[in-house]
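For clarity, chains are labelled A, B, C, D, E and F in written order, and residue numbers in each chain start from 1.
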Amino acid sequence: MRPNERALNQPRPIKITRHYTKHAEGSVLVEFGDTKVICTATVEETVPRFLKGQNKGWVTAEYGMLPRSTHSRMQRESAKGKQSGRTMEIQRLIARSLRAVVDLTVLGERSITLDCDVIQADGGTRTAAITGSCVALIDAVNELIKNGTLLKNPIKGLVAAVSVGIVNGESVCDLEYVEDSSAETDMNVVMTDDGRMVEVQGTAEGEPFSHEELLQLLDLAKQGCEQIFQAQRNALAQ
Amino acid sequence: MRPNERALNQPRPIKITRHYTKHAEGSVLVEFGDTKVICTATVEETVPRFLKGQNKGWVTAEYGMLPRSTHSRMQRESAKGKQSGRTMEIQRLIARSLRAVVDLTVLGERSITLDCDVIQADGGTRTAAITGSCVALIDAVNELIKNGTLLKNPIKGLVAAVSVGIVNGESVCDLEYVEDSSAETDMNVVMTDDGRMVEVQGTAEGEPFSHEELLQLLDLAKQGCEQIFQAQRNALAQ
Amino acid sequence: MRPNERALNQPRPIKITRHYTKHAEGSVLVEFGDTKVICTATVEETVPRFLKGQNKGWVTAEYGMLPRSTHSRMQRESAKGKQSGRTMEIQRLIARSLRAVVDLTVLGERSITLDCDVIQADGGTRTAAITGSCVALIDAVNELIKNGTLLKNPIKGLVAAVSVGIVNGESVCDLEYVEDSSAETDMNVVMTDDGRMVEVQGTAEGEPFSHEELLQLLDLAKQGCEQIFQAQRNALAQ
Amino acid sequence: MRPNERALNQPRPIKITRHYTKHAEGSVLVEFGDTKVICTATVEETVPRFLKGQNKGWVTAEYGMLPRSTHSRMQRESAKGKQSGRTMEIQRLIARSLRAVVDLTVLGERSITLDCDVIQADGGTRTAAITGSCVALIDAVNELIKNGTLLKNPIKGLVAAVSVGIVNGESVCDLEYVEDSSAETDMNVVMTDDGRMVEVQGTAEGEPFSHEELLQLLDLAKQGCEQIFQAQRNALAQ
Amino acid sequence: MRPNERALNQPRPIKITRHYTKHAEGSVLVEFGDTKVICTATVEETVPRFLKGQNKGWVTAEYGMLPRSTHSRMQRESAKGKQSGRTMEIQRLIARSLRAVVDLTVLGERSITLDCDVIQADGGTRTAAITGSCVALIDAVNELIKNGTLLKNPIKGLVAAVSVGIVNGESVCDLEYVEDSSAETDMNVVMTDDGRMVEVQGTAEGEPFSHEELLQLLDLAKQGCEQIFQAQRNALAQ
Amino acid sequence: MRPNERALNQPRPIKITRHYTKHAEGSVLVEFGDTKVICTATVEETVPRFLKGQNKGWVTAEYGMLPRSTHSRMQRESAKGKQSGRTMEIQRLIARSLRAVVDLTVLGERSITLDCDVIQADGGTRTAAITGSCVALIDAVNELIKNGTLLKNPIKGLVAAVSVGIVNGESVCDLEYVEDSSAETDMNVVMTDDGRMVEVQGTAEGEPFSHEELLQLLDLAKQGCEQIFQAQRNALAQ
């Protein structure tokens, strides 16, 4: 049995709270069960040097975990003086995922930075971060439209992510920490709401996985993302 | 008039939420008006090298701000590769303040780390952090007593902090951001609940301040801290 | 037409030169067309702290590019003072891939470090690095067996990797730089020689990719890896 | 009895040597007993980015200790690769203290940097540094007036600092190292020569301090600063 | 007897392979016996800030060793986060040596960077690097002449380097690792092909050396450089 | 004519003040004309890891410049977060030079660290640092002998250093800044008082130098060092 008697294809309860903090153009608290991430979107009227003068915008992301968001305390990355490889990998993934749903030419020469800060971790922090950031990004863009800065909407659709994996020989959707730490295979899938994929990252932690297992996991991911898109739509409708 | 029609000696509404996140031994969300700080207390069965073998414990603190906790986005300190002077100053202040109410010999050869992470800033983040950390620390220590690790309580009393300052020629208590940014003098006072002081840090931002002004500010700080001790007691009583 | 008139499913010529430098326990120059990577395996009779006393070994990897291995010169990472996110991502991938074919318990309390240094880059450096490292690792392990340090072979099979992608709407195998830089989707697949997968990392650079496209790419990757395994076997047979 | 039979309210002999090194616009060796600090003032015709175009100048400070200025050797901060929290705290304090006596608008769009390097430490290095820097700053400004760069004097008065504290239950002025290391309360007071305060930083090292104790310490600080102002005036008169 | 039965004044076999990698403007593999260094020359149409607007060019160098170019693995400098003192010393030496044969005014406002990466070390890596870099530099400059960027040749001659030393009381030329590690005196000499010297760096590892010993070493260095110049000329003639 | 009407072979006035600061086991202010360096020797009862258990001691050195020891202010290395290549080169040179006159076996398993801090620079800071460090080292060792820690003297002789160079076609001894900055060739020579050499580092800044010029410079260095040894002997005799 899965923890909390979840079905194999059932994601944890998804909760998306908009306008969570007051300064950011978009600010969302996203919860995948006990995993809680604050996602803020900051708009700046500037682009990185490599894009200057190209009439295109940029979307980037940064990721961090509060030191005691985890079971045992992790060292603070600012005190260590550098970000870990895992942090860099995740923030690059978040940024690529969001750029998949933004028409950067329509955005114009400005940047949107998504800051994803994990305040409580229980597995799936990167998929929660992508899911919440999408809503924060849309809030920030809508603000630009409302105040007349943007005349056209650069958002091409929703993007969401879920982890799937093989745990004790069973394929399951949206792994929480106790599942994640004993998974044989772990896969993160990022999808757009037209059913296509932006990222697929599957890793065999123990035994390699077969083609059939991969297909099963992709199917579970599709089912999970559909529920997550619905949670995003509900939040945006409020 | 002060923002929100506050009286000169009136702190903002203080809210202390215990057990805010689930992993830490103590976890508090403290709010001084719109300033919101997560304070967690982590117990580790080890002490820094300079204390090894002395049968004494240690209490330390780290402080950080989410990049978009502020009006405009600040660069993430882990990405910059170092903590600012301001961050170091504040975390040293928090740690000293809390050590003032802990009998380190009774604590025994173990450490408690307070992580103070600002999720929304509106002035007074360091005083909120000290105030919230005190409650998180007490929760962590009570846990050690409850599970039999500690036989005696090392906590000697409550510690709380408030900022006071001179704004437009008037002495006021618990400055919020708009006041803080135009204050002529800014002072942080850390007190114990027996009315004595642990830290006094007064800074003239513009004109130097006189002995009389200093006395006025100390008086306001004392009044403010009394209300904050009451908020701590209420939270701990729940 | 592809550059060099390659068929869509045809990898570049693979060349594996063993014993390339003289000090390392395993040392391989691997070439995927014009991409050239030196892979060395270093055996050390120690394990990282988190594995001490567990009677298990460790396999890790580091990756670097000579500053002028690329079209325009890149800044030297040692001069910049830190490794980029891309570097960290790649070296973590290489290490995970190799651990998939090593029984760490049989290896015993020792470490093998794979250093992968790109001396000329033309796309696919990480897949070449995994492929060459596998051979260097086997040479190092065989040395341990030959000198009596290991009584049993910890190597469970071969591991190889290839990139596949969608370029101008066509799915192709083993992208070189000009293809890679214009690919719509880019995927790295790491396989073991029993046909199973260790890592799948697919990224939509432009449009998201469909389930059918993913299946096509996986099929091309399988074909490519088969040829690469053959090149590894040939090299090891010499 | 205090070391060297000093009275409770008596600072150590203060010695200020101007023109100590030859390159700087202002260069002072300041001695508070055995504490010796070289303070140099450097004028640069530029301001930090955040002040550009505002017709205002800037005064900043840096602080360092020679590795063997102390009883046992400290690690060199340039070798460690970062400045400690204590160093940053002190250099921020020195800079704020000096800005209190400079009219930055009169200074015009230029910067003055005070470098305070401790060559021998015996307690009170930060208060000596503030005191010596004030004289170095005035020398540098007088140079600007003499060569016609400045038509009006931006200096508003003298600034000096002294430490006071409670040692063995007695309030004393200008603590030397043996006193400082056993003080129950330690306070640094920065004053202008009109008797007002720029900074008050009091810290309870052991027991918290009472309002009455604070008043006593402030009184001692005032007496001490008066003698230090006299030493500054004597030095400037030569 | 010396290893490989070399005569006291005989350098190891020198091999210079031009056009070793394909992207750089100049690319050389230089071998002094088992010491192998890749030297690439990169031309950039910019100069460091301190030379801007002076109608002069710049030649600089960077040096690195692959982690397992040596007998036991060295930590990767990019992972450590800084270059060692030895690395900095060597790359400054290489750059100064090459600037000795370039007329920077004729080069014009552009930079040439020599990257010297040791892939196998057996003593004398810095002298090999200088020798190989000279050829890579000439190839890069000839390219600039050929494509019309330069109308006049800024190269004033050849520069080469050799190590000499006292080993077991005997003066020898071009020390390999086993000699180098037991040398009493070690000296690197950089010469131009008109017989003059650019750098002489002699170090007593054990006993100080006498004036007569110094003269002997200089004589051996002269003989060695003559053979190395011949190897450079042969390579350039191909 | 040379500045201050010095003869070509005449070093600047050398002044060595012992017991300059009070905490260090050896503490010297050395002056070569206007170049002033504080050299302290610190004894620690420990050796670096690579020497543990070998019954041998170690001598090391660190070098720094106060930011305004120079004509224009240099950035503080602790603020930049790293030591420059020049700094590392110099401190390695100082340490090697001093080890040449210490019998490390007689010193026993302890370390002596020489800290050389330039308070005023006017050319020749590294040669002054070596010269002054030798005296500080001897003072520290004599202290160890006096207090019975050492039964035998590990000091084998004096070591001193001087710069020589070719300025406007003339060979001169002990260059000051205005000479140094226009020298065609610059050479630092470190000698022991038996007339032998520990280090010779000659660099052509402009034209390469001939064998004859090298011999002239060595002769000048020998003459200069003799006077410096005399200054060391005089200081030690006081």
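FYI, contacts are C-beta pairs under 8 Å (C-beta built on N, C-alpha and C of every residue); 3 or more make two chains touch, one makes a residue touch a chain.
Model, not experiment: these values are computed from the prediction.
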Chain hops separating chain E from chain C, counting only touching neighbours: 1
Interface residue identity across copies chain A, chain B - same or different by half: same
Inter-copy rotation, chain A to chain F, in degrees (Cα atoms; steps of 5): 180
Separation of chain B from chain F, taking each centre as the mean of its C-alpha atoms, in whole Å: 50
Computed distance of Cα centres, chain C from chain A, in Å: 28
Between chain B and chain E, centroid-to-centroid distance (C-alpha), Å: 59
Shared-contact residues (touching 2 or more other chains) in chain A: 81-82
Ring of chains, enumerated from chain B in the sense that reaches chain D first: B, D, F, E, C, A
Residue ranges of chain E touching chain F (in the complex, touch as defined): 82, 84-86, 88-89, 91-92, 96, 100, 187, 191-192, 194-204, 207-211, 214, 218
Residue ranges of chain B touching chain A (in the complex, touch as defined): 21-24, 27, 34, 36, 38, 40, 42, 44, 62, 64, 66-71, 73, 76-83, 87, 113, 115, 117, 119-121
